[in-house]
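The same chain A turns up in both complexes below, where it pairs with chain B and then with chain C.
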Partner chain A sequence: MNQHIDPGSLRADDGIERGGMLLHVDNISLSFGGVKAIADISFDIKKGEIRAIIGPNGAGKTSMLNVINGFYHPQEGTITFRGEKRRHMRPHRAASQGIARTFQNIALFKGMSTLDNIMTGRMTLMRSNILAQALWFGPAQKEELAHRETVEKIIDFLEIEHIRKTPVGRLPYGLQKRVELGRALAADPALLLLDEPMAGMNLEEKEDMSRFVLDVNQQFGTTIALIEHDMGVVMDLSDRVVVLDYGRKIGDGSPDEVRNNQDVIDAYLGVSHD
Partner chain B sequence: MLYRETGDFKSNYAADQQTFPIKSERYLFWAAMAFAFLVVPFFINDYWEKSVIVPLLVWAMAALGLNILTGYCGQVSLGTGGFMAVGAYACYKLMTGFPDLNIFFVVILSGGVTALVGMLFGLPSLRIKGFYLAVATLAAQFFLVWLFNKVPWFYNYSASGQITAPERTIFGIAVTGATAPPWATYLFCLAMVFIFAWIARNLTRGQLGRSWMAIRDMDIAAEIIGVQPMKAKISAFAVSSFYIGAAGALYFSVWLGAAEPTEAFGIDKSFLVLFMVIIGGLGSILGSFLGAAFLTLMPVLLKNVMVGGLGWPTDLAAHIEIMLVGGLIVFFLIVEPHGLAQLWRLAKEKLRLWPFPY
Partner chain C sequence: MSPDFLNFIETVLNGLMTGVMYSLVALGFVLIFKASGIFNFAQGVMALFAALTLVGLQTGQVPFAHLINAVLGTDVHNWGPGLPTVLAILLTMAVMILLAYIVEKVVLKHLVNQEPIILFMATIGLAYFLEGFGDLMWGADVKALNVGLPTGGSFWWEDVTRGWASEGSEYFGMYIDTLDVSAAIIALILVIALTVFSQYTATGRALRAVADDHQAALSVGISLRGIWVIVWSISGFVALVAGIMWGAKSGVQFSLSLIALKALPVLILGGFTSIPGAIVGGLIIGVGEKLAEAYVGPLVGGAVENWFAYMVALAFLLFRPQGLYGEKIIERI
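Presenting the complex of A and B:
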């Protein structure tokens, strides 16, 4: 693909209808030495849905996200994102194609303010060159202000106005998770990958975060792939669920189908071998 | 009171982005600049120029450069002395090779040459980090100094192996060479540092600066949200080396007038600039100036007090001066590990609430 196409316009109109196929994962296998992290997994994500990926610890959920955004390179299989097939790519290319994510362990830029963190999320959308930036007044400032406007909307949306100028290292855990969501949203993503957005939160924080996830999905129409361990949250939020265990796919379907799937119940509750 | 800011009264984002958002601070800054540009030149003498103010400006320029690399982008470098040498020798070759070229452009081009060399020596940073990168840049330091000693082309085959700056003028007034008046060299250095500090501020507050800081704080996350590590790191090396090279060019042509690589650009210079950056504050433009001021003015002050004020012998004073400066460095690092710039920020925050400390 031409790297000079403005990703903003690229993301706005990709010709995929709501409910059409946004991402296709085909027969992906990934191993680290002798350890098979993911074995021959296929599933898809439709545009506009909330897709949950669940499974016990070590099932390969985070590895799957890392494959999707180009951080791991699978040995076999392909990923088709917006009709474009690929196997090897650098993460920043995935970012400029419109895949954003948050991390299981918060990966914010601790020395920077909330505002700067979220502005960094717009990295792939900003264009001014080094000379314009050196002069500041003129195109660079104009661009900066335009993006600031969008970022302020995200700050409003996430209700974090009061910590705009605070270095994120000083923020409590729940707020850091929220800033991280903001940074991912700032990229104006076509696909948002959330790796355990509610891990380590209390009930109130979980409710807040669930509301944000639903609002993002409904207001911005963003497609979301979500890893989460809280089954209540998963069943309430997601449209479809894929279940992994030991790197294999053992279930795929609506929350109700998955809940009644015998393999899934076995994986979570254990199975007696008699 | 100097600082009175009772709330947030900004009504647009442009006002929020200003370098000096507080009015009194802004006026103070411009008053200081007016004083430096319009008043100081009338009073400056040879002593103040050669031992106090020009050194301060040159080191501030070098510290700005290293701060961009180490403070903003998180890449440790011990090659500062070597890169200053590149700037100085590029300056010398340009001055002797193109006698008609204005010294202003000579300094800029010297920075450009150093930026290219810096990018080359920055390539290992794509693979290695932290102490290992520091050792790789140490190799740059030793290699470059060795190169300028061994290859006679760089010093135009002069018998002494030294390089000497010929006289060059701006608007007909000499700023390099033995006859340059103190006020002219001072103004030249001041203008260069003023322009480039402003550019450093612009670069660090924009998109490029954020990509540097993102790499510094968490490189993997930075890559995943769309920062290209290679672009960010190599641009940091290039910009940083540009500043250090320009500082080296000023150091050689305006301040020293003549230089010899081993002594003028040794490893101690690399450490000196690194100390300035650490003491002043990593990741702060103001910190670069505070650090450079601390390490250039403090020795001068101590020497004047001990030799001039107390009448001690010069050698005794020199030794005590080294001990005192070392002690002060340790003291400041314990009191405020984030440097003088952080001390200044905290003082401002306290002043904002004073006298109601709640």
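Presenting the complex of A and C:
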């Protein structure tokens, strides 16, 4: 199957080949007041891969995602995304450059329907101005309908047709997570950041979500960076893993390499520091 | 029907009409509060400023005439016969959009993530600044505003209702102000237009998204600051409509900015985050006020209208602090 979510993608192709460097994080340090959340971390994400970020609680994983999508501004270090080097980023700029994300504690628009929520994901791809929209003027209308079509495809893909019109605040947790994934997918992202997509799910929901993550990666070729606690899931899904502990990087490599890394084992199982 | 009952109906009708005018002001508050959590104290002054600008453009006043005359020793007042009403309204709207842009650039931008009380104080500052600025720009005299809407009582309605009274009673028909009727119709169109805009356009969706969750809105690429300019522009538009209606009714004068205070009980009744609430709240306050004046007034010596709305709001705060339609306040502990 080679169906692309958005055939006429409005986001210009970056010319990076599959396996080429999509994102480069260099010597990032971030602290809040006196608390160091991230200390001098560097790693990279290659185009087309699933990159997992793991580590014990408080290791700085979510902070790292927040740095990448511009919620946090690191004091030191740079981020190179699609060849463009930067230090500070505004979240809506990151979104329009093709970084979409989901949140650890679901951040959906609770009062809006599933369809509307996913439509907001298309926001950065909309071109018509507010006046044209207000008058429901020809091109604006055509654009709205075209985006609507793409969103319907995503809804089909995620098998959530039956809840299209339901306000998401009323949906069970697992489905909300799926809608949030749909909203991120709707942005036709170059990089998809998933913050604990399977947290709090039962086994069946986890299997569904794993399947969707794999399908997204394989069918659409979307690059994915994900934070996850379930080691089984991480080892099955990801191509490469970076391990953080207390804001430092302690391991980086394939799942097998990471699994046999002594520092990682110590961090997870605890070791007596003499 | 007995004349007493017809009088009652007349009072209710007039109350509804007044209520619509209150709703118009309350609507502007709700729009900004929903999108940014800011209680915009300057909403009433915005209506005043819009009305002043409209009259100024319509009558061809030279802006800052007093200042120019004082500094340069000239004696300018008017630059011409003025603009046609439609053009003047469009230009005033442009001024309100410019105002929204400046407010965002000069005030809001620097206060992102501050406590609500600080933002509230900023809007108080804005209210007084805008009032003074309006005075400086257009002068402090009371101006008549005529945008071509019909005024005065409706004879047709008077004739129709005269026949309703029972035989033999002396009844001369109901009084209804045609300007109030136009205001009601315009308010209705405004609310429908706003609803359609927020439900069926991408920008409307963005507005709802921001009202729902700031962080999530940022992550899908919505620029909060852009949205604020849009929201303040729309509120500016609502203020313009309110300014036109109130200005046409009672003249454009500086006491117009005090209608903001009348919107407060409406908001407490309807809830700060609900557009239907602002409408229903306005209607309840309007009707309640008129009924109280007509039936309680004579017992206590009149002037009930002035305090009744606040009493209702106070009673409401005791029993339903989130308002009729407001989101229920549940604090997790």
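Basically, the second predicted complex is superposed on the first by the 259 of 274 C-alpha atoms of A that agree within 3 Å, B and C clash if a C-alpha of one lies under 4 Å from a C-alpha of the other, contacts with A are read in each partner's own complex, and residues count from 1 in each chain.
Going forward, contacts are C-beta pairs under 8 Å (C-beta built on N, C-alpha and C of every residue); 3 or more make two chains touch, one makes a residue touch a chain.
Because the structure is predicted, anything quoted here is derived from the model rather than measured.
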item: Fit or clash between chain C and chain B when superposed on chain A; value: clash
item: Touched partner set for A:Ala107, first chain B, second chain C, both or neither; value: both
item: Contacts of A:Leu145 with chain B and chain C, given as first, second, both or neither; value: first
item: Partner chain(s) touched by A:Ile154 [first = chain B, second = chain C, both, neither]; value: neither
item: Partner chain(s) touched by A:Phe71 [first = chain B, second = chain C, both, neither]; value: both
item: Shared chain A contacts, counted only where both chain B and chain C touch the same residue; value: 69, 71, 90-92, 95-96, 100-101, 103, 107-112, 116, 119-121, 123-124, 126, 128, 130, 133-134, 136, 140, 144, 183, 187
item: Parts of chain C lying in touch with chain A, wherever the complex brings them together; value: 197, 200-206, 208-209, 212-213, 215-224, 230
item: Contact footprint of chain C on chain A as seen in their complex; value: 69, 71, 90-92, 95-96, 100-101, 103, 107-112, 116, 119-124, 126, 128, 130, 133-134, 136, 140, 144, 147, 183, 187
item: Parts of chain A lying in touch with chain B, wherever the complex brings them together; value: 69, 71, 90-92, 94-96, 100-101, 103, 107-112, 116, 119-121, 123-124, 126, 128, 130, 133-136, 140-141, 144-145, 148-149, 152, 183-184, 187
item: Chain A-touching residues of chain B, taken from the complex the two chains share; value: 13-14, 17, 199, 202-203, 205-208, 210-211, 213-214, 216-218, 220-229, 235, 283
